[in-house]
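Next come the structures, one after another.
You will see chain A twice below: alongside chain B first, and alongside chain C after that.
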Partner chain A sequence: MKNNRRFIETIKYCCYALFLTGLYVIQTTPHFLEISGVKPGLIVPAVICIAMYEGEFAGGLLGAYGGMLCDLGSYTIFGFHAILLLILATATGLGIIYFIKNNRLNAIFLCGGALALLNFLNYFFYFGIWDYENAWMLLVTSYLPAVLCSILFVPLFYWLFGWSNQYFESKVKE
Partner chain B sequence: MKFSMLKTRTILLVAIFLAIMVAFGVRLMQMQIVDGEEYLSQISQGTQKTQRVKAARGEIVDRYGRPFAVNQVGFNVVLDRAFLAAGSENEIILRLTDLLTQSGESWIDNLPITQSEPFTFLEDRDEDVAKLKKYVNVNEYATADYVMHWLIEEYGLEEYTSEEARILAGVRYEMVQKDFSYITPYVFATDISIETATKIKEHSYELLGADIEQTTVREYPTGTIAPHVIGITGPIYENELAQLGEGYNLDDTVGKSGIELGLESELRGTDGTREIFINSSGEVVDVIETKSPEPGNTVVTTIDKNLQSIAQEALQLQIEYLQTYAEAGKGKEAFAGAAVAIDVKTGEILVAASYPGYDLNTYYDDYSTLAADTVNNALYNRAFQGTYTPGSIFKPATALAGLATGVIDANSTVYCGQVYTRFPDYPARCLSMHRDINVVRALQESCNIFFYDVGYRAGIENIDKYAMALGLGVNPNIDILMGDQSFYSATGTLSSPELSASRGEIWNPGDVIQSAIGQFDNKFSPIQLASYCATIANRGTRMRPTLVRSIESYDMSQTIREHEPTVVSQLEEDPSVFDPIIQGMVNCARIGSGSYYSGYLGKTFADYEIDVACKTGTPETAQFPNSTFIADAPVDDPQIAVAVGIEKGWHGYTGIPVARAIFDGYFYSQVSSETPQQSGQLLP
Partner chain C sequence: MGDFFKSTHFKILMGVLIVLFAFMLRASYTGGIAPMASQVLGFITTPLQQVSAGISDSLTSVFRKYLQADQISEENEQLKEKIRILNQQLVDYEKYKQENEQLREYLEIKDEHPDFEFEYASVIGRDSTDRFYSFTIDKGSLAGIEVRDPVITADGLVGIVNEVGLTYSKVLTILDVALEIGAYDVRTRDIGIVTGKIGLSGEGQCQLSMLPKDSGAAPGDLVYTSGFGGLYPRDIAIGEIVEIQTESHGMSQYAVIAPAADIRNVKDVQVIKNFQGQGEQVAP
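Moving on, here comes the complex of A and B:
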């Protein structure tokens, strides 16, 4: 039973890692899913949703992996997203265990919060503190729409990882 | 066991976190310490912007190098985003407008709203108003007041008086339209006086971001000579920008008409670039010209400026003479016309006069008046685009059809009893009873009956075939040395059953006889008629008309392309087939209608020292007859062919004084040198 669980969970996390890699490819494909110049970030909501179902440890690990993918696809210093997503995913996992109900609305709030925080920090470090003229326009016309656009995918990810969690659990129980 | 797993997991998470932190720290250390100096130097260097340096536009000169369109040194006031402190735009603009107002100068303001309250939209600016409303995103019923309110809010003009706000809104709106940015400076005012330029320079300490730019200003030293041919330049429009494509910006000036438009790519030149280095504080630390601008090429036209001037003056004087001295209904109504002279041997267009004309130097000031006058239509290039029923000047083409197909020979006669009786229900008439008449005398006396009969027997297919071989009803395809591209000109129409059918009309047998004397659907432009006359003089060799003699480098030290005379078509018939036609036209000049009328000049071709071959035409129109006239000379060795058309000129011979003036100018006051003069040399 124990060996079966370990094997199935390994398969599951490998699938999640592959899925995140697929999302990275989609996220970095030029103009794909782009609406009026706004492109959604898919990895962050996926990682948060995984953390909500899989807990702080798997969530943290996959968060770090997803963050590294984000770092690969952006101009930020390597590690920036990895650290933040590791912390955010671990915190989400712990939060779901101890304080927050695991439902779709909370998923939207948690993902929205994580996306807002990440995007704001991105804007702040790369534009805000440099006092570029009209830099706030970037926040309004680029970052904020990207956050809103990304939130649209949360229900999908929440359902998908909920279903996969149950599916693998059932396989463990068989 | 449970505790151990939790511990392991926590340690693992912390380890991963630390590992990433270490990687992050190493990367930061590399940036700060290892590559720190490089990044620091990049920061102190700041950003680098590439600006365009506009190239001087090529000049347009006549066949002897005399200037039509040249560049003069001028001064523009330019706003440069790189030097303009953020938030200071409105103050700088107001200071500049104050200085310009004091000096009596104006600045660019295309906002279609009145200058003071109550604000209303300017008349005749519907398109601009629509564009403005689209820009401010209001509905089409929005008032000017509402639009101004929006502009005031958009540009932060609340603290200014309404007059100041209107000035600022006008400039700021134009800046947006012209894509003002670090890359594209904004031309605030053009061609200001040197005194004003000096004054602005003196105040430069309080006008940061505004500068005086020495530039070239298009000038037309003889703006009234050949304006339709030379054309005009103007600011580029958005649709033109899309058409012209790469290399053009919204602040560019481009050719709008004439040669300025047709040879835009040659005249334009290649813009240069300069790099502007701005440090992190936004101050300009260095400016380097990385690519020098290359001026455009100079276009040497085939027009003879003196001859053009003579032709324009003659056309005007003759029309004024008719208006003053002719009887009502017999030329007094003449109001417009055109004259074209062409070099018979090369096809080079020496003269392309269109009356009434306009002055290129005051074109934009006069534009609304010129455009509104749809009767005189001075903007219309009658020489190339106007089409006129040719009337009797078409008869040489019919004669050629008859002679070439063997319907007649030089001695064949037709009996002219003043009425053509072939169609009992259509008794077409002649002006006189010529009795037995051959082709030479028929051309000399312009006998209609002769050409009715020859035309009928030759048939419309042969008439059209030979007319086209002589250049009628085919696009003259005026060469401007730009490959397949040609100067815009009308194709005209040749009467034919097909043309009638295309209008849903039936071709009647009588239509061929009207076509044979240059009536019915025949309509040709003066350039086609001049080319037609030149082809007759050349005995069937038709040269391609050309308007550009060569394209030279800006300083004319190097020839880029040169016109080579091109034979468009060559009649296969023996050239002697033209003998009776030319003889008839010579007789027309000496003792026929070419000798009847002297007009303002007081001279005809009857006693001209040089043998001239000519033909007059009096085409009937809905109101008063037009005047058409063609002539070439000298008959033995033809050099120049002329076509004159006068709207409501009553009779073909009223064009004689214009043609005679052109011949006088060509043969007796021709300049000695035919070689384009290089820059810096005195003109002959």
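Moving on, here comes the complex of A and C:
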């Protein structure tokens, strides 16, 4: 029987890239999923969940792609999210292989940590170091609610990518 | 784990990291011009965003219509269908009327400022991470838009173009703390600087600072651009003063301004691609 793993994996990663593009469109659609002025960031939790199932290499590359999408929509310098998400997704993939159990609770912690770190660095480089008046208010009224709102989507993404991983794995013939 | 750092996968990831870092350095060097990777992604995603923004608007409109029809059905079941049709026509009429009025107002601005060269654009994206209601529009360098072009609606100034791709541009609004706009009080002729404030942006307001201590500026006064600095044309409405306060150091006053344009819900804008005095220092 012919080994089709490479073909199936290519299809899978293309699907993931398309899915991330779709999430970017949803994330940037004006007023969509917005509650009291707070919109969730969907790409970061999705990328971390992908890295949990797909490992450090595919996770890292898809992390870089997701980060580039974040950079496209955001007002940070191009590369800011891409570099950070590449590193975070690679670290997540390695962490799952060597140190951490792959379960829903850890997914929430890992995604929460990644979101908190990204948002804090965003705040630090774009507001904190510039000494804007009342800049701390942004952390409380804007960044924190956005992180909490984004974490709500982690169980959904964790389940979705777990299911898709199993689905594509079942199609592999070795 | 040591094996990973010696693997080909690690080398490839490092390669990608270096390329991204190079992109970042280039983006920081070229300012608002989007790097090639961003341009390509933008080229692919802009049409998708146009569609999603359209769907979002339509859904909102359908939802509103449904609620209206539901209310009417309680009052008169027999006329429900007819009222629905009439409502649809009314929505269309209002939409066209609004568009017509908007275009008339733009025409008035054009009449007042014949030197303005406009580009009409629609808002297609708002980033979830932005705190100052910045947005992305569906026109870019292919339409002749450049970094630092002012963006307005018929009501007044909205912001400035911060980054330009081929088919999209990112706009920073006047609520952003990074923007400083030369402005003056139309009644008292006192000049100051309009800038965003973190504490005010949540309420959709900004601040006119550096007003003289003895300024007669008062709530209700209109604030217009002074044209100083050459970034914004003179005499574009910014907003109305809602409150006057003395600065903590006591040397000057500041005013809280309610922007004339509905920045948080703006859907269509005009980019001023060219105006007399653009990029030049203009006396206040």
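Descriptive notes on the structure:
In the analysis below, the second predicted complex is superposed on the first by the 169 of 174 C-alpha atoms of A that agree within 3 Å, B and C clash if a C-alpha of one lies under 4 Å from a C-alpha of the other, contacts with A are read in each partner's own complex, and residues count from 1 in each chain.
In the analysis below, a contact is a pair of C-beta atoms (placed from the backbone, for glycine too) under 8 Å apart; a residue touches a chain by one contact, two chains touch by 3 or more.
Keep in mind the model is a prediction, meaning the values are calculated, not measured.
With chain A as the common reference, chain B cannot sit beside chain C without a clash.
Annotation for chain A, partner touching more residues between chain B and chain C: C.
In the superposition on chain A, A:12 makes contact with neither chain B nor chain C. When both complexes are overlaid on chain A, the residue A:40 reaches chain C alone and has no touch with chain B. With both structures placed on the common chain, the touch criterion links A:80 to chain B and to chain C. Once chain A of one complex is fitted onto chain A of the other, the partner contacts of A:56 extend to both chain B and chain C.
Look at A:98: by the touch rule set out above, it reaches chain C but stays clear of chain B. Between chain B and chain C, the overlap after aligning on chain A sits in one stretch of 19-27, 217-225 or 667-675, namely 19-27. For the contact definition in use here, the residues of chain A common to its chain B contact set and its chain C contact set are 56-57, 60-61, 64, 67-68, 77-80, 82-83, 86-87, 90, 133. Against chain B, in their complex, chain A makes its touches with residues 56-57, 60-61, 64, 67-68, 77-80, 82-83, 86-87, 90, 133.
If you check the complex, the residues on chain C that touch chain A are 1, 4, 9, 12-13, 16-17, 20-21, 23-24, 27-28, 34-35, 37-38, 41-42, 44-45, 48-49, 52-53, 55-56, 60, 123-131, 134-136, 162-163, 170, 172, 177, 197-199, 202, 267.
Across the interface of their complex, chain C is touched by residues 21, 24-32, 37, 39-41, 56-57, 60-61, 64, 67-80, 82-83, 86-87, 90, 94, 97-98, 119, 122, 127, 130, 132-135, 137-138, 141-142, 146 of chain A.
The part of chain B that touches chain A in the complex is made up of residues 9, 12-13, 16-17, 20-21, 23-24, 27-28, 31, 86.
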